[in-house]
Every structure is written in structure tokens, then in C-alpha cells.
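Submitted below is the structure of interest, expressed as C-alpha cells.
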Amino acid sequence: MGVRAAVAGASGYAGGELLRLLLSHPHIELGALTAASSAGTTVGEHHPHLAPLADVVLQPTTIETLQGHDVVFLALPHGHSGEIAKALPESTVVIDCGADFRLADPVAWKRWYGSDHAGTWPYGLPELPGGREALQGARRIAVPGCYPTSASLALAPAYAAGIAGPDAVVVAASGASGAGKSLKPHLLGAEVMGSLSAYGVGGAHRHTPEIIQNLSAAAGEPVSVSFTPVLAPLPRGILATCTAPAKPGVTTERLREVYETAYADEPFVSVLPAGRWPTTAATLGANTAQIQVALDEDANRIVVVAAIDNLTKGTAGAAVQCLNLALGLPETTGLPTTGVAP
Amino acid sequence: MGVRAAVAGASGYAGGELLRLLLSHPHIELGALTAASSAGTTVGEHHPHLAPLADVVLQPTTIETLQGHDVVFLALPHGHSGEIAKALPESTVVIDCGADFRLADPVAWKRWYGSDHAGTWPYGLPELPGGREALQGARRIAVPGCYPTSASLALAPAYAAGIAGPDAVVVAASGASGAGKSLKPHLLGAEVMGSLSAYGVGGAHRHTPEIIQNLSAAAGEPVSVSFTPVLAPLPRGILATCTAPAKPGVTTERLREVYETAYADEPFVSVLPAGRWPTTAATLGANTAQIQVALDEDANRIVVVAAIDNLTKGTAGAAVQCLNLALGLPETTGLPTTGVAP
Amino acid sequence: MGVRAAVAGASGYAGGELLRLLLSHPHIELGALTAASSAGTTVGEHHPHLAPLADVVLQPTTIETLQGHDVVFLALPHGHSGEIAKALPESTVVIDCGADFRLADPVAWKRWYGSDHAGTWPYGLPELPGGREALQGARRIAVPGCYPTSASLALAPAYAAGIAGPDAVVVAASGASGAGKSLKPHLLGAEVMGSLSAYGVGGAHRHTPEIIQNLSAAAGEPVSVSFTPVLAPLPRGILATCTAPAKPGVTTERLREVYETAYADEPFVSVLPAGRWPTTAATLGANTAQIQVALDEDANRIVVVAAIDNLTKGTAGAAVQCLNLALGLPETTGLPTTGVAP
Amino acid sequence: MGVRAAVAGASGYAGGELLRLLLSHPHIELGALTAASSAGTTVGEHHPHLAPLADVVLQPTTIETLQGHDVVFLALPHGHSGEIAKALPESTVVIDCGADFRLADPVAWKRWYGSDHAGTWPYGLPELPGGREALQGARRIAVPGCYPTSASLALAPAYAAGIAGPDAVVVAASGASGAGKSLKPHLLGAEVMGSLSAYGVGGAHRHTPEIIQNLSAAAGEPVSVSFTPVLAPLPRGILATCTAPAKPGVTTERLREVYETAYADEPFVSVLPAGRWPTTAATLGANTAQIQVALDEDANRIVVVAAIDNLTKGTAGAAVQCLNLALGLPETTGLPTTGVAP
């Protein structure tokens, strides 16, 4: 099967990771690779690690260049996907790595993004309860944000199993690629290396409503989430430390059972053995998540830690996983399950 | 004034930081520098950054070598300080950077450390409510743990002001020096760099009861704390993200007022202007803490972020600050208030 | 084709990288994975990134456990390979990632390693002039050292083409995994991060005679090499800056022509376009090398910079590349040509 | 003594380091702190580590704001210092951290910088042979470039002693702050962390003629230098690996003697004991240099490794050291001799 795929926004970090993964996907044939201001330059100038594409020239991101593909990946700033998706045939698989179609609630969208709601597409986190079914055969898919992926993988099983109270606290540290190729002083290597900093504190990060949406859906009732993102000195990786009140009667055994059951058949999620703790390095470049759980009996809280690579399982790997589901391929096709470590 | 100071445990990271700070303290004259298995080696072999002490030979850590000083700093594994302190004159200022005398509750000590309680000394965090008075003129001082320093600076004002509910959640990421010079595979550079990992999750870290002790004292009632430490890829620095339920009626203005009032006269603690967030790099090598606060109205939680250098304000700087109080010197004597950045 | 492969020394960094690559090799079936003191533990304890092997138990490294395989990879400290190789059938492909069989000169071996010379096997750097032929169908192969790989890829073409004088200078900085899992204080994360240091200076590193051997062979005359290794704060990667006197009449055009010709058909080596410079990140986890050349007309020296991943093209990737040649498979089988970046 | 000092270019990295050092200088009173596009913002916005100056407002860099000071530090892009210096009184001490007045040869200046030569000021590296005398009482001083400082400290003694041949090779790796606050993609944290890269290869870096100037002056004859800078993943620090041919008869003992003699009375330069090697971390934030030497008898080359902090001894510390000489103060006044490590 030859599936012809275009990537819009191929010069950025998410675009580069898509290219890396698609290059080793056995059924994908790369078509148009497009960019905005970088149109006319080569892939090699932006992604020196993608040796096989070094001389490929980026085309402008237009509806014309994106037409005629079986699949179009959009790795664009939010607000740009709706128009493109409308112009593409309904039969084309369109996978949006941006935020535009993630939120179901138009009011929440307006509040957090300031513009009109573009709509809601099937949400690309198959590991959520009921998440896989909506993606099989889908032709429009919204890839989750990287932080929501980590937090949702961490806490959704507890909420789905009814063992967690509604006041969640998520503190998630991310590598600098999560901020994209933004040319801002605080993202310079000299400032990022050797430093930890918080930002978007107090619920100000746009991923907050997405986490709330996922956990509330799993719980079947409203969940509040205090979410704080932390910028950490590594290129890639998210470590999310997530806690929620333990409902009466929860034991360590029950907690482990909930997670081991939830992820027993998931090819990309590992619940680690007792005594071992997730490290982001173990997921580097892999479409995997590492999860560990603990019950803090003194504080009466469940603590769940999840590690992912923000660009792989957190973005581009999820996109390819969704593509596999959309096309009816085995879900793991072309996706690495081993990280690059140490 | 010439104050003669000994440092026991001078070959470790805390010991090295003590030496660095004491070298620039205008009233200190260094006496015996001691070590256990490294006795007989030079300071230069362990601390190549301490050029002025390169050729000083480490003596064995014995009561004999430590006697005859005005001040003795102990930077030893827990369990070793009690015996030494007993053998030193009561007039000697003994400042313990270890855990032995931090906890007031013998039951808590026994539970977390497994041995008999050695006692309780004045607690070396002058910024806590009422903390300074107990240190002025003291002759035995327990320097706080690095995580408890960050978490207590972050949350004690809210508890003291009665604006926070009793269920705190603390997630604090630390640089690798926090683990000391332990020769364990997971602390090797190849494994630490480029990775974030959690450990001691679910309330298993020994700093947990110390945080609880401090926050409960500030609140005047029992506070529960869910504490998760994270190992981050930097040599030094702690970023603590701390949240607690907001009591009814708390506003952003009230929250800021509480913190600005609490730290208005503190020489080492900065409450940052709105819109700026703490970074650990800004505190590198300094005895400072950076604090920022936010009210998350959706989650109804106060969020406080604190950045410190775990070896300076988190350990050795606090020790020198306490020494200044013990001796009646200006509290800032010999202590850096600027970090080394970028 | 099912090729059954054993890995001896599977708990170390080179062993882990071998496992990572072999897992995605289409013709390999993993057999015994062995270790010394770690026998009895699981792969997951040592290599949390190798999720598919998490529960596999390491066996002891003995001749018994290693027998009965088509291929045996040895990732052992030097001095251990000879005895094992002798006990294995001649028809077994034995690929040694250690130093034992790299040097052709018994006197050099004795001088640098202090023991008797075990012998010389075909040298696993197919990109050297004439290097590939010796590996096709071979049953015993010595994988090069990581520094010699980078320096030889950088300078061998210039020597083979007769455009470089005999006094080479190589300064190569390596990530910390190059030192292996040695539990030494200077390799702790707290000391490695944020620091650059030199070691083995003045020609004291054991890779020196191997570099000399390769460059002298390429030149057809003795070449002297001043080699300085530098420990750099990253987990993986070598950047080798290599210079040699330019022979009279060498021009920039001629220099580029030599390298572009030498590597025109090499699947893993890229000579970058003018104006772009190698970065180790571009080779992370890939079996690739990036090369760039310049002629310094003022200093009359050729400067060649090479970037590789010390664990992939520098060790385990080269081993798999050699296996492919030994078995008559396409040389790129199962080997990544894209790095994981940023 | 109250010396009133202005800093032009106070928002950049060199400017920030000047402020950090001047804050702890006992005779300095800070006057105007100026910037170009950042005029009107506070120091705290650019340098969160400089807590005591957090609220100081940056003034525009004009002759008016800079007048009326005893000392003016210029930390500006090259090409801007000449005009300012001309407009300031001759009695004002003007210390230029930029390149404008470093090169003595107008032809070399024109070739490397493309503009007309502004002139030549006393060169601010007192450790060079004869270097100190020219600075005592000077009113115009050119602070060396960071790479030339490291390379000159490493090789000038060998050339001055006549033990090194004229073909030097310098490979120096620098932390990212050496590139300044330039908003370029390859300087983003995501790209710098975990990567080593070369740039300005083949003698293309503008610090090359400055190194040649210094070494030739020490040798008393023309020295050629092949210089390659490497960008390394740390915020600060330069490790320079420098080699030159050993002249006939040079022994290890003679080599050590040359260096120990040359630096015997230097307060900021340490020649390390045999067996220890420089690390940049040992110089972090200090005005120090660590030096080690080796004789490679096989390659017949001297190898000298030097570690400095590019912002301290490499720039701002050197500027303050020069100020001390200009004003007749003890040379070490206000300058740290201990690094911040680990």
C-alpha cells in the first residue's frame, strides 16, 4: 500500500519529527513538504538530522500544494488549520497537530484562544477510554497537546475507575523543543541550560482546558485541574507529576490493578514494575509512555508520574499512530517502541 | 573579629559549598577541614574550583580535629552529628547541615530514619514566622533540608496568613548535586543529562515530614503534604511548584499582599513582579530565593513557585546565614545576593 | 533469514545500543543476552528504554551461554574477548566491540594495553580505503574505537589522496557515555553537566595508536597524530576537529573533490554542503557521520570536522553494519540513517 | 575611594557579568547603565540574577548618559566604541570589551572586520609577557576576546620561552553565552543542548588574527595558528586545547618549568599539578584560568589545555582586572578566585 502524505509546517520541530517517523513508515510515500517563510529552502537547512531528505525543497503552504495526497499532516500555528481542512476533499485524511479542533466546547475555545471555534474533530489519544474507536477510519483527527497527553495518560485511568477525587494537580516539566522554534531570549541555550523555570502558572497555560476536558470525560463528572508547566534543560521530554485525592477505600493494590488493567493491551504504554520510576530519556524518540503510580496514605492522594517524548508520543508519533488507525493499519506500524538512551 | 571555623565533611558537595562561602566571609578564619575516607587528600582533588585551598590537606573527622574552633560546621551523613556535638563545648557554635536535629517529633524521626531521635535544635530558616529569633545567639543549629527550604519559603506565608487550606501538593525538581557524590548508575552524567525522572514518589522522601512540620507550624494546625521530588538535568537548583486550596474570599491582590508583606524585609527572598517567573539560574551560587504567586480561580488553588540553589540557600548559604545570626553579625555578611547567570 | 544473535556485555551502554539496533533489524532473532555481575537481573533494570526486552533476564557471560548462535557480539572490557572467540566455532560470526583485535602491531598493543597481543581481526570500518572488502564474509571482526572512527573518517580521505602532510592534530570531544558505566566521581551528572574537561592529554589515550594505524595505512607512510580527547556535557556524540598540513598546491576545490569522491557512494557518510557544519545532534541514534572540510590558507592546514554518535556509528551501529557485510546482507539493513533531533 | 562607573551595553551577557562583578567591587559606585533597544526597561527584565539592581532602569547609550563617570565600560557590538571613546575626556578610564581596539595591524583589521581601523589600545591581558606594564595607569584599554584569552594563556609561555615551533593548532570549545543574546535558531536551547558543533572553521573566526598577534608577539617571530571554535552545550566556559611543535630538546620537566615559572606570581592562573586536568566548571564565575601541559613525545608536540569562564576571565573579569591596574588598585580587588561548582 502506497499512502501519499504531505506535511504542512515541515520546517518546525513537530514537522521535523513527523518527517523522521514517516521516513521509516513502510506504507508512506512522502509528497509535498511545505512551509511558510521557509518555502524555497531545503529540508537539510532546518533538519540536518534528516539526511535522506537533505536536498528536498520546501514548497509554500497552500491548498494547491497540499492537494492530491491521501494524508495531510498539519503542523501549523493554531488558527490556520480550519481553512485548509475545508478546502481538502472529505476523503483525505487530515491530521492536525495544532490546537484548533481539540476542544469540544466553543466557549472554552473562545476563552483560551480568543477566536471563533473551528469545530471538534476526533481526538487523537487512542489510550483514553473509548478513544480508539473514534479514530478508526476517521478522516479528520485532532492530535492532542503534549502536556494533555502526559497528564491524561497519567490520570484518566484513575478517574475512569472512580478511585480519584475531582481536584487534580498536575506539574509537568518539558524540554525546550516544546516551545517550538520561537526566537525568544529566554529560550536561548545560554538561558535554558542549567535552569528550571515555571511559566503559565496559575492555570494560564492553554493546555489546561484540554486536560480538564479529558479528565472530566473519563470521570463522567467535572474535574478541576491545577496545571503548572515547567521549562527544563533538555531538548525533549515531558515528565508529568499528577496527583488527585484518593477516594475512600483505595489501596495500593487497587491502584496498581486499575493501571495495569487499563494499559494491559496498550502497545505504547508501560506501567513500570514497583520500585522503578519513569525517566524521559527512556522514551526519547519513541512513541512510548512510561507510567508509575503510588498511593500517599498520609496525604491521601494518588500520585501518578508519566514520562513521554513531547515530540513523539506527545505530537508526531501520536499523529502517525492515529494515521494507522484511520487507515486500518496495525496501530504500531512504523512507530519506534524503544527510546534512544543513555 | 576572627572566627575560627572547622568544616567536617569537607570533601562532599555541601562541604565544598561551605568552603566557597566561608572563603569570602570577612570574619572567618578556616581551621580544620575534615573528611572520612578522603582524609589525607587535598581539597584540590575534590574541589578544583577552590583554588585558594588547593593544597590544604583534609584531616580525619574526629572530635580531636574539630575541637578548638569557634564554629564547627557538620556536613555529614545523618546519624553522625549527635555524638560529635555532645563532645564539643556548649559554647562552640555547631551548625549541622544534616538531618539529625531537624524534626521535633521523635516518632516521626523514628518512622522516617529508623534510628533513635538525637534531639531538636533551633531550625535554621530565619524567614519562617518567628524563625529568626530562635537563631540569634544560638549555639546549636539544624540547617533545613534543601527541598523543605524551597517548599517552606513558598507556602509558609500563605499558611501563616490563613489563606490556604490544609492539603498542599509540592512537586520540586532538583539538580543532581542534591543527591550528593553518590556513585550510583542513575546519577552518572550519561543518564542524568537529557532526562527527567521522579523518585521517592508517594510521600516516600525523607524531606516530607520536615515540610509538614514547617507548614503545620505556620498554619497552627495540621497540614498534609503530597511531596514529589524530581531529578532534573542541571548541577544545581531547585524549582518547587507548590499549591494549596485557596480559602474562601482569597483574591489575587490579597495573595500578593500576603507574600510581599511576609518578605518585605527579607534580604534574601524576592517576590517577583507580576508577569515574571522564578528561574533557578538566577539563584546559582547565591543565597537567594525567588518567589512568584498566582491564584488559579478555576481550580481554586494558590500556586507558589520558588527557586533556590540547593547548595547555597538550600544548604551552605543557610548555614552561614545562621552563623551570622548566632554570632550577632549582620545577617547578610559574606553571602552573595547575585547569582551567576546565564 | 533468521539470524540468531547473542550479546555478551548486554548491561553496559554499548550492549544496550546493540540491543536497540538489533531489535529493529529484520533478520535478527535475539538469543542469549549476558552480563558479568549483573547476570540474573532483567534488561529493564539496566535499559529502561528497551521496553520490548524489559523482562528478559541476563545470563552469565560464559562460553556455554554464548554457544549455538549464528552471531556473537562482544561488548566486554578489553582482555576478555580472545578466550571466548577461541571457544566458539569458526563459522560463528564474532564481532568484538572491544579493543583486543584492533591493533595489527603486537608491540603497540603491549605498549598501550600492557598485555600480550591477542591477534588482529578484520577492522570494522568499511569506509576506509579497502575497508569493505575485508569484511565481506568475515567471521571475526574488530569494531573500531569511537574516537578512531571519527578521526579516521575525517582524515583518511586526505591521506589516501596524498593531499595531507604527516603531522595530524585531532581534538575530539565526546559525550559521557563514551566512558561507559564507570562509577567515578568525575563522571557524576553534577560534575559533567555544565563542564568541559580534557583527559588523556599528550597522547596518553589508548585510541591514539589506532588512529595512527588507520591514517598511516591510508597515507602509505607513517603519520604522527597528536590526539586530545575532551569530555563534554552531553550523553552521546563525538565531534572531532582534525587538522593536517596541506600539501603544496592543494586548493579548496581539490579538497572538497577528494571528500565528495571518497564518500560519494557511502550510505552513512555525508559531506555537508559548503557553509553548513556538522552537529552531533544530527547523528543522535543514527549510524551516520557528518563531515565538513575547509582549507585554512593562512595556517596552510586542512581542517576536517566529523560528527558521529559514539554509541551508534562509533560502536554498535558499526557492529551491525559489519554484521550485514559478514552475512552478505545489504549494508544498511536495520540501521537508522536519521538522527533524533532537536 | 569611590569610583563612579558606567556600563554601556548593560542588557547583554557581557554587560550583565560586568554588573555582577562591579556590585561586589569595594570601590565601585554604579552610575549609568545603558542599552540600545532595551533602554527604558529594567535590569531585572534582562538579568533576573542581579537582584540588587532589579528595578534600575536602563538609559539610552549616548555620550550624554555616559559622561561624568570615572570609568566607562563598553560592552557593545564592534564598530561602536570609537566614537564614544573620542567624546569622553581623556582622563576617563574607558574599557572596551568589544573588538575595535584589539588589533595593532590596520590591514588585519580591515581584512577581518571590513571597516577602517579605529586604533589600538593597551591590550588587557596582564598575564602576557610585558602585558601588565602597559595597563598600569592606562586610560584606554581593549579587553581581549574570550578565545584569544584562553589560547594566549595556554601558548604564550611556550613561545616566550622559545620551546615551541611556529605552527600552532587551537581547538577551543565554548559555552553558548559566547555567542551573545543573538536570536538565531541554532542558538536555541533545544538545538544547543545535547549537541556539539563546529563553526567558523578553516580560520574563518575573527578571533584568529588576535590569537596570531599575541602568540607572534610572545615568540618574537610570526606564528601561524589553525583555530577552530566549537559550540558546546553549557552556558559558560571555554576549554582550549592548544598544541604546537616541540622544539628540539624540550622535555616534560622543561615544559612544566616554563609554565610554572611564567605563572608563579599570577593571582588568577593555576598550573595544575601533574595528573589533574582543567575543567571549565572549576572556573565558573571566577576570574581564573586553569592550565595543564603535556609533552607528546610520539607526535613531538606540546599540548596545553586551558579552562576559563568566557564571561569572567574571558571578558568582564578581565575588564575589572584591567580597571584595577588602571587605577593602581591591588589587581585582585573585587574579583572572585573561586568558581561555583559542581
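Chains here go by letter, A, B, C and D, matching the order in which they are written, and residues are numbered from 1 within each.
By our rule, contacts are C-beta pairs under 8 Å (C-beta built on N, C-alpha and C of every residue); 3 or more make two chains touch, one makes a residue touch a chain.
Fair warning: this is a prediction, and the values are worked out from it, not measured in the lab.
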item	value
Taking each chain's C-alpha mean as its centre, the one farthest from chain D	A
From the options A-D, A-C or C-D, the pair that copies B-C, where over half of the contact pairs coincide	A-D
B-D compared against A-B, more contacting pairs	A-B
Interface sides of chain A and chain D: same vs different residues, half threshold	same
Chain A-chain B separation of Cα centroids, rounded to whole Å	37
Inter-chain centre distance, chain A versus chain D - centres from mean C-alpha coordinates, in Å	45
Where chain C touches two or more other chains, by residue	13, 177, 188, 190-191, 193-194, 233-236, 279, 281-282, 284, 341-342
Footprint of chain D on chain B - complex, ascending	13, 16, 20, 23-24, 44-45, 47-52, 54, 177, 193-194, 235-236, 270, 272-273, 276, 279, 281-286, 288, 290, 336-342
Of all residues in chain A, those that touch chain B in their complex	167, 169, 171, 173, 188, 190-191, 193-199, 201-204, 208, 212, 224-228, 230, 232-239, 241, 243, 245, 277-282, 284, 292, 294-301, 303, 305, 307, 341-342
Chain A-facing residues of chain D, complex	13, 175-177, 179, 181, 183-185, 187-194, 233-236
